[in-house]
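Have a look at the structure below, then the notes.
Chain IDs A, B, C and D follow the sequence of writing; residue 1 opens each chain.
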Amino acid sequence: MTGDTLREECGVSGIWGHPHAVTLTHYALYALQHRGQESAGIAAACSGDDGLKLHRGLGLVAEVFGEETLESLRGDCAVGHVRYATTGNTSLRNAQPLVVRLKSTSLGLAHNGNLTNAARLRRCLEGRGSIFQSTSDTEVIAHLTARARSDEMGASLLEALQEVRGGYAMVALTPGQLFAARDPAGIRPLCLGKLGDGWMVASETCALDTAGATFVRDVAPGELLRIDDEGLTSLRITGKAPSALCIFEYIYFARPDSNLEGHNVHQVRKELGRLLAMDHPVDADVVSGVPASSLSAATGYAEQAGIPYEMGLVRNRYIGRTFIQPGDELRKLGVRLKLNPLRKVVEGRRVVLVDDSIVRGTTSKILVELLRAVGAEEIHLRISSPPYRYPCYYGIDTSSKGELIAAGRTVEEIRAIVGADSLAYLDEDRVAEAAGGTRSDFCTACFDGDYPVPPEETDEDCFGEVD
Amino acid sequence: MTGDTLREECGVSGIWGHPHAVTLTHYALYALQHRGQESAGIAAACSGDDGLKLHRGLGLVAEVFGEETLESLRGDCAVGHVRYATTGNTSLRNAQPLVVRLKSTSLGLAHNGNLTNAARLRRCLEGRGSIFQSTSDTEVIAHLTARARSDEMGASLLEALQEVRGGYAMVALTPGQLFAARDPAGIRPLCLGKLGDGWMVASETCALDTAGATFVRDVAPGELLRIDDEGLTSLRITGKAPSALCIFEYIYFARPDSNLEGHNVHQVRKELGRLLAMDHPVDADVVSGVPASSLSAATGYAEQAGIPYEMGLVRNRYIGRTFIQPGDELRKLGVRLKLNPLRKVVEGRRVVLVDDSIVRGTTSKILVELLRAVGAEEIHLRISSPPYRYPCYYGIDTSSKGELIAAGRTVEEIRAIVGADSLAYLDEDRVAEAAGGTRSDFCTACFDGDYPVPPEETDEDCFGEVD
Amino acid sequence: MTGDTLREECGVSGIWGHPHAVTLTHYALYALQHRGQESAGIAAACSGDDGLKLHRGLGLVAEVFGEETLESLRGDCAVGHVRYATTGNTSLRNAQPLVVRLKSTSLGLAHNGNLTNAARLRRCLEGRGSIFQSTSDTEVIAHLTARARSDEMGASLLEALQEVRGGYAMVALTPGQLFAARDPAGIRPLCLGKLGDGWMVASETCALDTAGATFVRDVAPGELLRIDDEGLTSLRITGKAPSALCIFEYIYFARPDSNLEGHNVHQVRKELGRLLAMDHPVDADVVSGVPASSLSAATGYAEQAGIPYEMGLVRNRYIGRTFIQPGDELRKLGVRLKLNPLRKVVEGRRVVLVDDSIVRGTTSKILVELLRAVGAEEIHLRISSPPYRYPCYYGIDTSSKGELIAAGRTVEEIRAIVGADSLAYLDEDRVAEAAGGTRSDFCTACFDGDYPVPPEETDEDCFGEVD
Amino acid sequence: MTGDTLREECGVSGIWGHPHAVTLTHYALYALQHRGQESAGIAAACSGDDGLKLHRGLGLVAEVFGEETLESLRGDCAVGHVRYATTGNTSLRNAQPLVVRLKSTSLGLAHNGNLTNAARLRRCLEGRGSIFQSTSDTEVIAHLTARARSDEMGASLLEALQEVRGGYAMVALTPGQLFAARDPAGIRPLCLGKLGDGWMVASETCALDTAGATFVRDVAPGELLRIDDEGLTSLRITGKAPSALCIFEYIYFARPDSNLEGHNVHQVRKELGRLLAMDHPVDADVVSGVPASSLSAATGYAEQAGIPYEMGLVRNRYIGRTFIQPGDELRKLGVRLKLNPLRKVVEGRRVVLVDDSIVRGTTSKILVELLRAVGAEEIHLRISSPPYRYPCYYGIDTSSKGELIAAGRTVEEIRAIVGADSLAYLDEDRVAEAAGGTRSDFCTACFDGDYPVPPEETDEDCFGEVD
């Protein structure tokens, strides 16, 4: 991806019934780190404990957890979270899991995604005397659960989830029960695995692999799983809704070694590259991808086109969250610091540069300039997804519509801005095809504005009847 | 590389005469971060200042330098350093640059490499009343310079460097002069570039790229460069010695976008893969490389062999220095956390796994097991360098000889230990051929024990005559 | 005091309508630091702001607030707090002020004291769906306020305070209103001052002095003050109850330069010493006090008895909260580190040692030993208060009854334990006399077990009727 | 002291041959904390170790040492240091002890005082090739020792100390030997004690008390003590010089429970107060002292004059090094925060305010204003020492001469500036009398400019002959 503003909100993980629950949750968070790098946290308990032990902090998993902290978090069940801050500003207060005391027990909650009716629910709850400590959506679910009529935690969570709208994957833990829920449209991914005698849930299968768990199945859209000594129980939040997995998980977010709905992400991406070469061929000498997320698509393109695949850009993997952005004078060097072109590879050559998407277009423009500066003769930009035109309301941090380069522009206008010799995108149907389905199986709202869940709640009534 | 103990000692950088000297040195250290991740530092000055401003700290460049720190380091000339700790333990005291007061001025010193006679020199200096504050080789050079007969800094440094033996690249700064020196055999790399109206030196050309400098030439073996208002002066430490650049810079250490002696590292590695496919072909379904350092060689192998190149392993780029190594029970998971195999790619396939070297063999063994566990039918390990058998005395942190899996073992014995179906190495001559020379042009001591500089000084006389 | 376990819970301060509100609150906290040293915090706002700015941290005022933090807390009104942790463990989560969002505004709350029915109220509130984030009593008041029927903040706070029982002084801030409340029995002190065109409230008058405010009057028992643009309004929490100011504020807690109900604390203590000399005279050569809290009483004793006052013990003022208590072998040195006897002063002399109280007796015993070891001929211990026998339920952290040396022991038994040649206490009536009243004007429960508010709530009904 | 700029440079301590050497050195530093609050450090070793373990840091003893740090410092001998920064700026680099490697062993050095020829010695040493790491005087001694001709440490230290001039107390430690030295004029204090089977040295006897050591004698002026398995050996740095103990140690610096040359500091101060009352009587109602250093003198004055001693000012003991000085507008409050007058004590009264010295006069002026503001009728300032007119060159941080209020002013002029109704100082002879000697027994340079050691070295020759 050559734009720099698309960011997944979060990743979640939960383990029940395993002696190394905390260590393996720690590993799972490392495996999910690409989904969120602003904070990390783990809540843990032993079955039968009175409370949950919690540690969370701002920064990478490696920064948040030290040996001492991990040892303080003993337990045979745990939930973990990594986070970007799309809703609620970046502060420790908003880090997850959120641990609260309710229904005479402790509940640890963590979720990935975005609730479209959170603001309205918060107003209603505050009007009834609830006091919020954070600005995160997660706390809305906690308060709804606290006020639910049932005394049983599963029933209470179900009541709460029936009030919320949006796209989410949620895990919740009490000392004795693990819960996992996925939004009715299945926009955000969540999978279930078997881990020894216990169970594991996670945003992606790569986390199951890392913890040594065996994949069982994806959590179904609209399903609330309860795992305890009685075993695994499946509850329904709503009746069956049309499934709409976020297509961008395939294109960019998910790790290449994860499988979504049975399809390997790397292989889908390679197929995207192959289809891109079929639909938008070009005479060229080398194919390169923008590292790291576009390398699979680039090798697919190269194979299909019969053009050698080369390392045209080297990515500096030490540029992290804390990198100090340079002022205007040095901006081009700032990009080159991250992605350095190999003069010996591109000099005097016609280059196909494969990228997975263009968001704002600023980085694409500089990359084209850098490649020309080291002698590329022609630069043909090929994007393995359709033009990104509409904001996401289900947990992806895009710029507002005005900042999306494709919003209101033709492909030729975009090409002129970024300065490539040619530019082509893959269309929605082809993307769905590569992911093993048809367009109606996915949320493609960012390409076509067709939102599976209304982006804003207009209903002004409060939830429930009498408190 | 599937062993986990080969580590470059350091990277150095120096800029003279540029208004953004500090910011660009900061960028250069990011570009050289792969050469050292335990500490980082910058010393800076304006021409005509009385002293040097210094900041150094333990950790990555991103951890050591914040906005405030960088602003406190004003100047138009600067030297920088990133470090592993082969000699001198990891402590702030040993972080570089070292800044000392001598000859009525301030001198900032940073070096990459290892002095083979440092212990003897230190004993002599202490016997004459010098007090050492650190355990680093750099301080030996500082004390020799302080005691040099000349009052001119260039002449004093030359006197000092004529006493030391080993492999090194050194930069030194006073308010007004920048120095750069390379050991007489040219074991460690160092290059010179033009940066606006000023000059830049760095361990690798990728640092020049990152700072926007234009490559001029490599610093010659045995050369001491002095850069000041008079321009650039070349001094000779010794008469001409046979050149012996460390061959492992090509194989593993240097960044793929760097050029050494005119050869691009990525292209040399791709050629290594191609020669490996010629010399050691095998019937297989897919070729994969061990990320990240072996991907160039793997694509070369795939291209030459006509076998599809695939992503068989995904590397987690968030596992850093501070990762807590798991106990025995979870050791295999610890490796899988770093390198996760893609079941859908390797299941039922005959896999060629290309790696650049094997050091201790422990990781290779686990990778083979992991690939088998996800269904690989055959695993053919191909190494793009000869067996690594001898310790390095010029700045590379290897295990002692006893821990090197290839020391005293045949290739077949190694294959049996790591459990691959077949194993083959590329030989010394082929490696030299890929790097555009013959075996005598390089230091290949780690393969054949042929050390260009005696590893230990036996001469018991002190340097100089009368102090 | 020679016991080491009596600790005031907290100190509070509030300023309304002054351009230096934050700086002066910071000063006020320094002045109240003796009342709590485990955490400190300030919440501030400008009239008409939307929210409150908050900073709080573990440690001394000097550790919690730096220049940067103070600058971030702009406003013309502020509340501040210093804290010991009698209820709720020591963690940042329990530090005060507590800032919550309720009734469409932000409320900052801080209090000194202890609610005797907090546990019951918390259970009721949780049963109705309130979620608690801390274990502090303050949050109980916040939730009661959030659920109050009124929309007006003053009325809501009044509703809340009518539910709670115990001894407390509370300050509360919204952007625009400052509130101050004192428990119906007036157990904990709270005073009101004029500060320029604005107002100030604080636990002690020394804080008014430090901020440059002029004392106006004590806040009345059972009074809730509201200060805003309309001026100062006095509301009643309950009808008039018998007043019962904690007598220990005079004896030990309050600063000597504070006045309580019109009486200066130093002068009351000096009078306690004088009465002690009248009631319990002894032939001796020197009078010394245990520093720092008993020096006033000691000079009073010396003056009345006509015996020279001397510095018999020197207190090390650098021994703070973080001092590492020595093991058994060095315990006596640990005491001597804090209080060193002056051999030249006591050697060969008959010493009257005046202390304000004995709690556990361990320190008294060691002091007597230390004085004997440097040559004191006789040691006559005189205590300027009655035997401390009963635990406090209104905000003082005493040991449980079993650890109080006077519980169940005669004066002679205590003397034998501490090893003094004689021991005498001042009786309750004399203490009340020194403080300008009679026994019924004060809470003397720690001496006689006569609690003005029942220590435990037994009523099992929840507050209010319908939520 | 009502001026706020007089600060002792440092305190030192050393223990040899005791199983709790580190813990007791830690205690000793607490006891010496009043002599330096900017950094603290301990170097420790077991006899026969190869090196010294060192920990030092910026801040108070309580901030620098935690449980973990202390445990890491094992040993049966140790030296410790607390420091103000008169020479060498405040940075960790200048914190003491300084530990260096020389003469095939490790040497830990710490000193209190100031070398008057340090700058010249440093220039000479640098000219001969010594490299300095700090700007402290201590490192000068280390380099001189390193270059001494002898191989024996005691002889080398003696050689080094024979080169330096000034006022100092020094301790030095190798694994096996403890050294202690006092300058030839005995300006700075240093005493020797017996600690179990081992020995202890310290700047003041209160440190011996705190560690449980028994006082043996003061270290003699010009004496270098060597303590090792052979026992205690006394070496002479120079022939006998006239003794000149700093008189200000009695007046202000030393702790009241310390004895200097057999005289108790508290008792000397009380005697100063008594003599002051004889020489400068006044009709008044109460006598108060400026806390904490002037309380002894104030009680002496009160006793002699037959006027009641009262607590007229309360000192806030929580105002520390890090207190943020207020701007002009709030400056008076800044003083009141530290020293609050008791209205009820001084209102309508004629007050004698006793202070030990006036340095710049700014605080005195504000105190007089504050006392008047709370109603004092008359204020008679009595100073228990002569006017402070000349800078100190032996380790006391005074303002430059221009900032001393008494420099070039008559007593009446000073009185007019500070605004007291009367002002009187005690003269030099009376101070010496109180301290049990005559004027020639002490260094009184700050009063009369009669410096026992020339303040600046003019000799331009380097030390020694041939290096």
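In the analysis below, a contact is a pair of C-beta atoms (placed from the backbone, for glycine too) under 8 Å apart; a residue touches a chain by one contact, two chains touch by 3 or more.
The model shown is predicted, which means the values in this text are computed figures rather than measured ones.
A.B. asks: Along the graph of touching chains, what's the shortest path length in steps from chain B to chain C?
C.D. replies: 2
A.B. asks: Just how far, in Å, is the C-alpha centre of chain D from the one of chain B?
C.D. replies: Their C-alpha centroids are separated by 52 Å.
A.B. asks: Would you kindly tell me how far, in whole Å, the mean C-alpha position of chain D lies from that of chain A?
C.D. replies: Comparing mean C-alpha positions, chain D is 63 Å from chain A.
A.B. asks: Approximately how many whole Å separate the CA-defined centres of chain A and chain B?
C.D. replies: 36
A.B. asks: At least two other chains touched by the same residue of chain A: list those residues.
C.D. replies: none
A.B. asks: Under the stated touch criterion, can you name all the chain pairs that qualify?
C.D. replies: Chains touch in the following pairs: A-B, A-C, B-D, C-D.
A.B. asks: Can you list the residues on chain A that touch chain C in the complex?
C.D. replies: Residue list for chain A touching chain C: 100-102, 104, 126, 129-133, 142-143, 146-147, 467.
A.B. asks: Taking the complex as given, what residues does chain A use to touch chain B?
C.D. replies: Touching chain B: residues 20, 23-24, 27, 30-31, 33-34, 60-63, 66-67, 70, 206, 209-212, 255-257, 259, 264, 266-267, 292, 295-296, 299, 303, 308-311, 314, 316-320, 322-324, 326, 329-330, 333, 336-337, 340-345 of chain A.
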